[in-house]
Amino acid sequence: MTTSPRPADAARTAITTTTQLRAIQPSPPVGPVERAGLRDRLRGLILPVALLALIWSLLTDWRLDAWVFGLPALAIAAGLLLAMPHPRRWRLAPVPTLLFALWFAVQAVRGAVDVALRAVAPRMPLRPGFRSWRTALPEGAPRIVLANAVTLLPGTLSAELEGQRLVIHVLDAGLDHDRALGDLESRIAAIFAAPLPGREVAA
Amino acid sequence: MISMVAMVLIGAGALFFLAGTIGLLRFPDLHCQLHALTKADGLGLTLIGLGAALLAGSVGDIARIALICAFAALSGATCGHLIARHARRGDAEGRDV
Amino acid sequence: MTPDLIYGAAGLAVFGIGLWGAIALQDRMRRLLGLKLCSVGAGFVLIVGAWREPPAAPDPVPHALVITGIVVMLSATAAALALIRRLHDLEAADDRA
Amino acid sequence: MSEPLFLFDLLLALAVVAIAAAALLVRDAFAMIVLFVVFGLLSALAWVRLAAPDVALAEAAIGTGLTGALLLKTLHHLRARGMAGWEPGAAAPRPVPRAVASLNAGLTLAVVAGLGVAILGSPLRVTGLEIAVAEAMPLSGVDNPVTAVLLNFRAYDTLMEVVVLLAAIIVVWQVERGADAAPAPSLGPIWQGFARLTLPAAAIVGVYLLWAGAEAPGGAFQGGAMLAAIGLMLLLTGLYRPHPDHRATARLLFVLGTVAFAAVALLVAGAGRASFEYPQGHAKTLILLIEGLVTISIAVTLTALFHGREPAALKGELRHDP
C-alpha cells in the first residue's frame, strides 16, 4: 500500500490499519503442521509433484542427466508447497472439466473481442459500474476459479473476493450479468462436484 | 501452408494487442483499462503463442510456449484482480475520509 | 544504417542522459537511476561491439562482461538504496529534534 | 534500407532513449520507477535483437526486475515516513544557478562527444575474441560460449562478482539494523491460489534456467534471480518472516558460493595447474557444482538485499535512532 501517512492524514492512516487488520483476520493461520495432518499433506503432494516432474522433463527434453538438478528443484517446490497454507483438496470431475475448458475458451475469445470492439468504436460504448454477487460456491479453489474466470468473461472483472461476496466491475451496467454469472457458477460447481444450494443475488 | 496459418494467428494476436493498447489509452478509468489489458492482451499473447507453436520444431518448444501462455493468462487475471482490488479499496478509503 | 549503428547511437544517448541525470539532478534516487542508465548505455555499446553480421556468431566475451556488470550494478544499487533509506531516517530524526 | 528490420530497430532505439529521458524527468517517483522498468525491458528486447539472449535474460531478471523491486521498496519506505519531495505533486526542487546547470550540460555533452568519437573511430565488426573462444570450446566442458567464458575462461571475474554481491549484503546489513516491524500486506484468497500454483513452478523454472545455462541461454545468475523472486514473494506475503536466529544460516548461505568457487580454484591450483584450469574430463562436473552452489548464494543474497535490514534483536545493541 503506497498511501502516505502525513501528519495531517492521521485519520486516513488509522482507517488503512483497520482495513488491514480486518483483512488479515480470515486468512488461515500459518503454524506448525500437526502430526496427524502431516501424512495427509504429504499424500496431497503426490499429484502436484508428479505434475512438476512432468514439466521438468518437458523443459529438459526428457534427458536423464538433467535430474541431477531436477531432484533438488522438485525438493524446493515440494518445500514451498508444504510451507504454504494448505487448502482443502478437491477431486475434479473429468467430463465437466473438459466441457468447462472448451466453453471457457470460447467465452474468453468473446470477452477479448467485446472489449477490443468497445476500445476501437468511435463512440466507445461504456457504462461502467460495480456489482456485488453472493456466490454459493464453497470456499477455496472453486471460488478462486470463479473470480479468475469472471475476469476473462465478456465485460466483467473481479475486484474483490471476501467470503461469499464477489465484487465485480462491469463495462456495461445495463446488461444482465446475473444469468451469465449463474451459468458460470453452476459449471464450476460441476467441475468440483460441489453441491450448489439455492443462491440469492445481493443488492 | 502451416507458416501462412501461423502468420495469420500472429497477426491477429498483434491486432488484439493494438486494441488493448487503444483501450488502455482511451478508456476513462483504471477499472475499464484493466478490462482492456487482461482480456485483449491475454488473447493476443495466446494467439501469438499458437502461431509460434505452429512454427516450433519440437515438442519441448511447444510445451514451453504452452506453459508461458498458461502462466501469463493466470498472472494476467490475478494481477488484474489485485490492481482492481487495491484501487477500489483506495477509493473507498478516500470516500470515508 | 545497420543495427549496430542504430543501437550504438542509442546506447551512447542513454549513457549521456544517465550521466547528466547523475550530476545535474538533486534527488538521490534519481541520481542513482542516472548511474543505472549509464551502466545500461555502456552495456549497449559493448553488445554492439560484440555483434556480427547474422550468419556469424557474436563474441561471447563482452556478453559475459555485461552480465558481470549487471550483477555488480545491482549490488551497488542495493547498497546505495540502503544508504538513501538510512540517510532519510536520520534526516527525519533531525527534523523532529 | 536493405535491412528488413530497419524500421523496428529505429523505433525500438528511439523508444529506449525517449523512455530513459522520461524516467529521469517525470515528476512522480512511482511513474519514474514504472518507466525505468519499461526501459529495462525494452533494452533487453534490443539485446535479444543483437544476438545476446543471455545478457537480455540477466538484464530483465536482475537489472530490471529485482532493481525495480528494490526501488519500489525504497520508495515505499520513504513515503511511509513522509519525506518531503516524495509526495505526489510536491513542490519543485530548489532552482540551480544557470551557470551550474549549463556547466553540467556542457560537461555531459563533452564526455558523450568524446565517447562518440572514440566509438566511431574504432573499427566495427572486426574479429574479437570469438575465434579464440570457439577454438577452446571443446575443452571448456559446456556448450554455451557465454557460460564457458563466465565459469572457465574468465572465472576470476565471476568469482570477484560473487564477492561483490557478498560485499553488498555486508554493507546493507551494517547500514540498516533492526527488526522490520512493517506488517505484511494482505493480498486475499485470489493471491493465495495464484501463489500455490506459481511459486513451485517458478522454482522448477529457476533451476531449469541454471541447468540450461550449460548449453543454452541461462546460467547461475539468471536462475538465481528467478529463485530470488520466489524469496521476494515469500517475504512480501509474510509466508517467511526473518528472525534473528536465522542469521547464522543466512550467513552460511551467503558465503557458500564464494567458498565453493575459491575452494575449487585452490584445489586445482594445488594439483599443479593454473587456478581455473580444470582437469580434463571433470570440467563440466566442476562447473555445474560451482554453478549450483553459487546459484543458492545468489538467490539468498538477492532476497536478503531486498529485505534490507539485518534481522537483529535490538536489545543491547547500539542504535542511533532517537
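First chain written, first letter: the chains are A, B, C and D, and each begins at residue 1.
The rule is short, and it goes like this: contacts are C-beta pairs under 8 Å (C-beta built on N, C-alpha and C of every residue); 3 or more make two chains touch, one makes a residue touch a chain.
In this text the structure is predicted, and so the values were computed from the model without any measurement.
Enquirer: Can you tell me which chain lies farthest from subunit A, using the average of the Cα atoms as each chain's centre?
Expert: So the farthest one, by centre of C-alpha atoms, is C.
Enquirer: In whole angstrom, how far does the Cα centroid of subunit A sit from the Cα centroid of subunit B?
Expert: Here subunit A and subunit B have centroids separated by 17 Å.
Enquirer: How far is the middle of subunit A from the middle of subunit D, if each middle is the mean of its Cα atoms, in Å?
Expert: Averaging C-alpha atoms per chain gives centres 31 Å apart.
Enquirer: How far is the middle of subunit B from the middle of subunit D, if each middle is the mean of its Cα atoms, in Å?
Expert: Taking the average C-alpha coordinate of subunit B and of subunit D, the gap between them is 27 Å.
Enquirer: Which subunit A residues reach two or more other chains?
Expert: 1, 55, 59, 147-148, 158, 160-161 - these are the residues of subunit A that touch more than one other chain.
Enquirer: Pull out every residue in subunit B that's touching 2 or more other chains.
Expert: In subunit B, the residues touching two or more other chains are 67, 74, 78, 81, 85.
Enquirer: Counting only residues that touch at least 2 other chains, which ones in subunit D make the list?
Expert: Correct list: 75, 82, 188, 190, 201.
Enquirer: Judged by the touch rule stated earlier, which pairs of chains are there in contact?
Expert: A-B, A-D, B-D, C-D
Enquirer: For a test of understanding, state which residues of subunit D touch subunit B in their complex under the given definition.
Expert: The touching residues are 187-188, 190-191, 194, 197-198, 201.
Enquirer: Which positions of subunit C touch subunit D when the two form their complex?
Expert: Within the complex, subunit C contacts subunit D at residues 1-10, 12-21, 23-27, 29-30, 33-34, 36-37, 40, 43-45, 47-54, 56-68, 70-79, 81-86, 88-90, 92-93, 96-97.
Enquirer: Can you name the residues of subunit A that touch subunit D in the complex?
Expert: The touching residues are 1-2, 4-7, 20, 23-24, 27, 30, 48, 52, 55-56, 59-60, 66, 68-70, 72-74, 76-78, 80-81, 83-85, 87, 139, 141, 143-144, 147-148, 158, 160-162.
Enquirer: List the residues on subunit D that touch subunit A in their complex, please.
Expert: Of all residues in subunit D, those touching subunit A are 30, 75-76, 79-80, 82, 86-87, 183, 185-186, 188-190, 192-193, 195-196, 199-201, 203-208, 210-212, 227, 230, 234, 238-240, 288, 292.
Enquirer: Any idea which subunit D residues touch subunit C in the complex?
Expert: Its residues touching subunit C are 1, 3, 5-6, 9-10, 13-14, 16-17, 20-21, 23-24, 29, 32, 36, 39-40, 43, 46-47, 49-52, 54-55, 58-59, 62-63, 66-67, 70-71, 73-75, 77-78, 81-83, 85, 93-94, 96, 101, 104-105, 107-109, 111-112, 115-116, 119, 124-125, 128-130, 133-134, 145-146, 148-150, 153-154, 157-158, 161, 164-165, 167-169, 171-172, 175-176, 219, 221, 302, 305-306, 308, 320-322.
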